[in-house]
Amino acid sequence: MRNPAPNIETFIGCDADYADAKIVLFGAPFDSTTSFRPGARFGPAAMRHESFGLETYSPYQDRDLTDFTVADRGDLELCFGDSSMALDDISAETAAILADGKLPLLMGGEHLVTLGAVRSVLAVHPDLHIIQFDAHADLRDDYLGARLSHACVMRRCYDLMGDGRIHQFCIRSGEREEFRFAKAHTDMHPFSFEGLKETVEAIGDAPIYLTIDLDCLDSGIFPGTGTPEAGGVSFNDLLQAIRTVCAGRVVAADVNELAPMLDASGASTATACKVVRELILSLC
Amino acid sequence: MRNPAPNIETFIGCDADYADAKIVLFGAPFDSTTSFRPGARFGPAAMRHESFGLETYSPYQDRDLTDFTVADRGDLELCFGDSSMALDDISAETAAILADGKLPLLMGGEHLVTLGAVRSVLAVHPDLHIIQFDAHADLRDDYLGARLSHACVMRRCYDLMGDGRIHQFCIRSGEREEFRFAKAHTDMHPFSFEGLKETVEAIGDAPIYLTIDLDCLDSGIFPGTGTPEAGGVSFNDLLQAIRTVCAGRVVAADVNELAPMLDASGASTATACKVVRELILSLC
Amino acid sequence: MRNPAPNIETFIGCDADYADAKIVLFGAPFDSTTSFRPGARFGPAAMRHESFGLETYSPYQDRDLTDFTVADRGDLELCFGDSSMALDDISAETAAILADGKLPLLMGGEHLVTLGAVRSVLAVHPDLHIIQFDAHADLRDDYLGARLSHACVMRRCYDLMGDGRIHQFCIRSGEREEFRFAKAHTDMHPFSFEGLKETVEAIGDAPIYLTIDLDCLDSGIFPGTGTPEAGGVSFNDLLQAIRTVCAGRVVAADVNELAPMLDASGASTATACKVVRELILSLC
Amino acid sequence: MRNPAPNIETFIGCDADYADAKIVLFGAPFDSTTSFRPGARFGPAAMRHESFGLETYSPYQDRDLTDFTVADRGDLELCFGDSSMALDDISAETAAILADGKLPLLMGGEHLVTLGAVRSVLAVHPDLHIIQFDAHADLRDDYLGARLSHACVMRRCYDLMGDGRIHQFCIRSGEREEFRFAKAHTDMHPFSFEGLKETVEAIGDAPIYLTIDLDCLDSGIFPGTGTPEAGGVSFNDLLQAIRTVCAGRVVAADVNELAPMLDASGASTATACKVVRELILSLC
Amino acid sequence: MRNPAPNIETFIGCDADYADAKIVLFGAPFDSTTSFRPGARFGPAAMRHESFGLETYSPYQDRDLTDFTVADRGDLELCFGDSSMALDDISAETAAILADGKLPLLMGGEHLVTLGAVRSVLAVHPDLHIIQFDAHADLRDDYLGARLSHACVMRRCYDLMGDGRIHQFCIRSGEREEFRFAKAHTDMHPFSFEGLKETVEAIGDAPIYLTIDLDCLDSGIFPGTGTPEAGGVSFNDLLQAIRTVCAGRVVAADVNELAPMLDASGASTATACKVVRELILSLC
Amino acid sequence: MRNPAPNIETFIGCDADYADAKIVLFGAPFDSTTSFRPGARFGPAAMRHESFGLETYSPYQDRDLTDFTVADRGDLELCFGDSSMALDDISAETAAILADGKLPLLMGGEHLVTLGAVRSVLAVHPDLHIIQFDAHADLRDDYLGARLSHACVMRRCYDLMGDGRIHQFCIRSGEREEFRFAKAHTDMHPFSFEGLKETVEAIGDAPIYLTIDLDCLDSGIFPGTGTPEAGGVSFNDLLQAIRTVCAGRVVAADVNELAPMLDASGASTATACKVVRELILSLC
């Protein structure tokens, strides 16, 4: 029998109609502010395409993507070279999904894309907390003169949210000034997930935005990213951490900073896909 | 405004509805008999995806893909490890497109896929001629015991068609026996397109199947293929040759043997896309 | 002095005459059923060639390959595109080695090659147990219509052997149906080597076939394989597990699924070579 | 003897003091508006570093870089994600070099960088002509909403200069609308350098800005660029064309769009270096 | 403002004047004796260039490179194909730095470069101890006839120093004869850093030369080296070990065997940079 | 039937017994003096291995390798880091083959290997002429202090042979001093094969050594070499030139400077294999 729509490509098992979906994936293929090695723009397409090397079933959680209704809206078409316009488009998509009562799951792109999503989530959930898994603090006030930069994204979120509502884990890189800022204004847990369970419990019923910069993973397991950092967490650590956070009330999330061309073996992309699958299954 | 179907991916400018289309692209992601370096299975997806680096307009022909109605049916889902079953699926798709009065344009895959298409075209057009652009004669009777192999594809076509109806150009590699066979049974023009215009004129109004093995191109311009061969034709030569053939009555065609992972620069894939665009525009 | 046979290439230290050898290596360069990313066909040649970056001596076991008589028979010449014929050739080679009273050590190739070897080992040792180290369950009944597929190899072994004689370790990927099947029919230990020592003790004096799909290793340490999976075991874990199994009565073994081109750094190939060396030394 | 400043890196043979130099190289490592495959930001550093595989002597021109005084000012530090700010910095550097009576030679970066240089050259030479070697027309009015984009760079130059002063060669890609625009407003010579000698003669004594987008070269010889295009000119063609233009009064020039990581063989970078050497020697 | 010397490139944060510096980096881009996979010659340039992806601040040690005076002397220009001449140049540079009362920090290159440095350090500190982190024993007496080879470097050091003053850690590869030699003449700790703290305490106030062959790291985290070895230590292990040694009196050190082209992802280079940063900060 | 010696690997169709052979191939896997990008050491093994993607039959010459008796002696085991010792080994092998009345065909390795062969050929044929196809003059007197360097190889040959007996073609790179030296002492034909026919006729019956540095080819067709140079000859040009030279009395030959890892597409290696095949068939 002939497939009526053979060219539609979604993340594996995420082919529900938008109207029915509880969770909605969308991609933000943007990396214009990446100062070092670009390529995160190709992340969402690579995850979607390579997800077919994955199974829909997770033996870790004994759940299957086919049991849930998840839609994949594809990639936004973003303007390169104008960060502000790109962020507006991400905010608009996020707001539309939230307005329809669904959970947005953003696939980056560089980490700056998080700011676009957070702005819209905050509008709906003013008591939002952010939990960030990342190698880098991302707390600079500006970077080579730009205030809209991947290196500043958490600082920009802070500007919107204020003290004590950003919870940072696995951080192992940044300027001294960023670590000083964190001591005064954020809840930073360097190097590992130590304290995560307590943090989630303390947040209680407040809404959570979970942002996963995949470079929190050790550069041995995840070399395919713009700024890989040795000394990171393992995949099993990350998996456990995702499940810990999802015990709280997660209202939106993102997975970012896969730069697939930087790891020609495909192992980083495969790992990113597995993170997305496990995150979706934890959110369901 | 939100794109209603953001995940549909076609070759650029080939997004007509199937019902309206005069030309129908489809992919055969198959390379199981490739004995040397596999990867042609990834050819159709790469062409489709990377075609967005192309323009729809051709300054060579002053035509634009958007002026014509071309549909892209996506890729067949073929069984690896069973060539016979894969060929049957290709034959079925080709027959269906022909039955609907449209011109099938197959994107391989390894060259064996041509056999699947030719079988169905022959059923409709028993007086068919094949024009083959290729570095390799592909006239072996068997290869390591297999008779369904990329190295035998023209021999299998010959079995169906008989003497003098296969016209081979650019051939510069093969066993001595294949060249002897060609002398007796096919119309072989080694090394270049010399004699192509005369051949097309001699064919006259008879139907033509055009099969382009991209390794007819010089390995300098087209390294991304399983068996690159130095001493081939240039892109401009190939472009002219396509237009020469399309002055005849082409009823089906294919473009095959792009193995995108073998040329990480992407230049081979870009060239393949350009060949497909120019072929479509010549056929319109 | 001039080397009398400078072109002979064997796995390092495995240059005994076949007649004298206790263990016989041979390669099965086959990957036709690989549905995702091919290249395991190049595994045996790469292991043999790159083994010269290894030492023959293992400080882990304080043994040296030069103390033992191991032969390397080179690679079988297998037909691409016809899995059944390829498996028959592997079975024949395995049977010949066993008939000569030697231990066959097969280097794949994709995991399907195991079936060829197991059929011949079963003929000699009807009470055989299989111990499988693998990320994937490989228990599907068919895959895209094919029953002879890498994704089905353990299911085909099961068809020959029945309940309770296949012992699976490190499994972390598969369809839900495969995990259900495993619960009913195989002895599956997901994620790790937990329970391996007890399993070997329970098998006692019965003959063992050890099959090592190298993707049991974490994708950080072993990205050079068709379907790398995060969350796997470490090299030291695998080394210990091999020694644990070799305390039992291993009568044949294989190491498979290295796709060397997928890890251009060569680290995966180097790791595969080290696994083969340690396996040989454990078997001696 | 110990080198007093071993860490200074310039393009080979271009180590004159700025004060003494007639020609001044500088790099603009910017590619934020690249919509397809980024990496041109790494072009200037790669050319500088790999130039040490070149000789300073050209047998084509029988001249040697060591006979002339050329300085290399290194790379500008440009803001990613804000094209307007980056262009201002390029304009400022160009203006400073011109003010000192020297000829600026800009190494890109994506083609948009040309706009920054042209603005400053126009201020000094209001009767400027631009000669462009390029595969792409770059005449769009906007690209995905952005007017400062590599795809629009010649259109923005046109906005400053008006009809008949932009001379385009080798163009073989663009939207139909761009070719229409060219017919009305620029002097376009598609596909080759045909008409170049006549063009330079017609310009006579008027000042010329020469901009070389390296993708004018055939993608076989120059795959290392964001959008490689088959059917381009050969290196010898380009060399001859450079010498033809330099018979006129060139007052500034640039070489752009090398994306070195896209051609891992290094051949594209080596070719780019040779183009820069021959251009400098032609300008002297 | 225009940068007066934009082309000077040093390791990040190591731009002190030589006269003021306490620690002096220099590179030895040499790999002529590498028998297997060359490329370590590109190590120092890659570390210097890619260090700009690092921060100067270490959250592990809460120290910043900008607080200290470290100079980077750039790379020596060494003769390829004549190891003896290359070693003499390394010895001369080391001696000059020591004579100026500064601590030399050598970036290799292959491991043989250590011999050049050790010879000069021994002349000043005849009671020197060497602490070696390495996967390989490097204790062969000759290698394919050459006594000046990376595989012999510790044996040549032993020739100069005698029994009990070479302390080897993480060793997991070598000929049986090398392990026998170690048992008799060196202080070898295979596989890990076990016993390191006790060793440093036992050395007490005696001067230490620390040589870090980066292949001591697991090949998962560090594939970019000529002979990657599975089963190595983690980055955090290495970091702790460096700090343990620097509690003693380290008078010179080196970091070697990064072959950046072998790990195209850049993760190995990034890790090497981080090792150098942490080593410098531990030495300050 | 079981292959009695499955591990023997020769260049395709060159499996004659040494005793019977007229032509004897051997490899010199040496690149220690390569100053820029090493890797030519892997050339002979790659050519041998990848030659199985070739046919034994040449349609260009209508000859087949299987009609002739050619032996392949495999690779010499050469000392890295001591050029003098390596050259001695090459000389010895060449002398032994000549003494047995056979024609030696050396596969490099870097171009310096030619010197080893030439020394032995000169001892037998004191009236020898050398015909060199190369992008580089290779006429330096020393390179970074070394007189045994790839950049000096023709100068060292000149030292042995004197004026007018070295005929250089395709040269397009070198120091000015080398071109001056050539004017005085060698017969240099820059850029192309112009004058080759006349040169061969003028040499008449005198013995010829043909040395082919594959970088004479355009870098578009042959990027896989240490120093690729744009503006070179095409494959068809080279083929014709080989046949022109072989009309004279060639007594020994070499093909060198393939660095296979530098062209991951494999196209350069495939081209090198084809050059070797055509050279052998021209020599027969």
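A, B, C, D, E and F label the chains in the order they appear, each numbered from 1.
Everything below uses one rule, namely that a residue touches a chain if its C-beta (ideal position, glycine included) is under 8 Å from a C-beta of that chain, and two chains touch if they have at least 3 such contacts.
What you see is a predicted model; the values in this text were computed from it and never measured.
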* Asked: Shared touching chains for chain D and chain F?
  -> B, E
* Starting at chain C, fewest touch steps before arriving at chain F -> 1
* Which one of B-D, C-F or A-B makes the same contacts as D-F, at least in over half of the residue pairs? -> B-D
* Structure fact -> In terms of CA centroids, furthest away from chain D sits chain C
* To do: Take the average of all CA coordinates in chain A, do the same for chain F, and state the distance between these two points in whole angstrom.
  => 55
* Between chain B and chain F, what is the separation of their C-alpha centroids in Å? -> 38
* Asked: So, what's the distance in Å between the C-alpha centres of chain E and chain D?
  -> 41
* Would you mind listing the residues of chain C that make contact with two or more other chains? => 77, 218, 220-221, 263-264
* In graph terms, nodes being chains and edges touches, is this line, ring, star, complete or other? -> other
* **Pairwise chain contacts under the document criterion** => A-B, A-C, A-D, A-E, B-C, B-D, B-F, C-E, C-F, D-E, D-F, E-F
* Structure fact -> Touching chain B in the complex, chain A uses residues 2-3, 5-10, 45, 48-49, 72-75, 77, 93, 96, 264
* Asked: Which part of chain E faces chain F closely enough to touch in the complex?
  -> 31-35, 38-39, 41, 77-83, 85, 144-146, 148-149
* Asked: For chain A, which residues count as touching chain C in their complex?
  -> 52-57, 59-60, 64, 218, 220-222, 234-236, 239, 263-267, 270-271, 274
* Which of the residues in chain F come into contact with chain D in the complex? -> 36-37, 171-176, 179, 190-191, 218-221, 223-224, 227-231, 262-264, 268
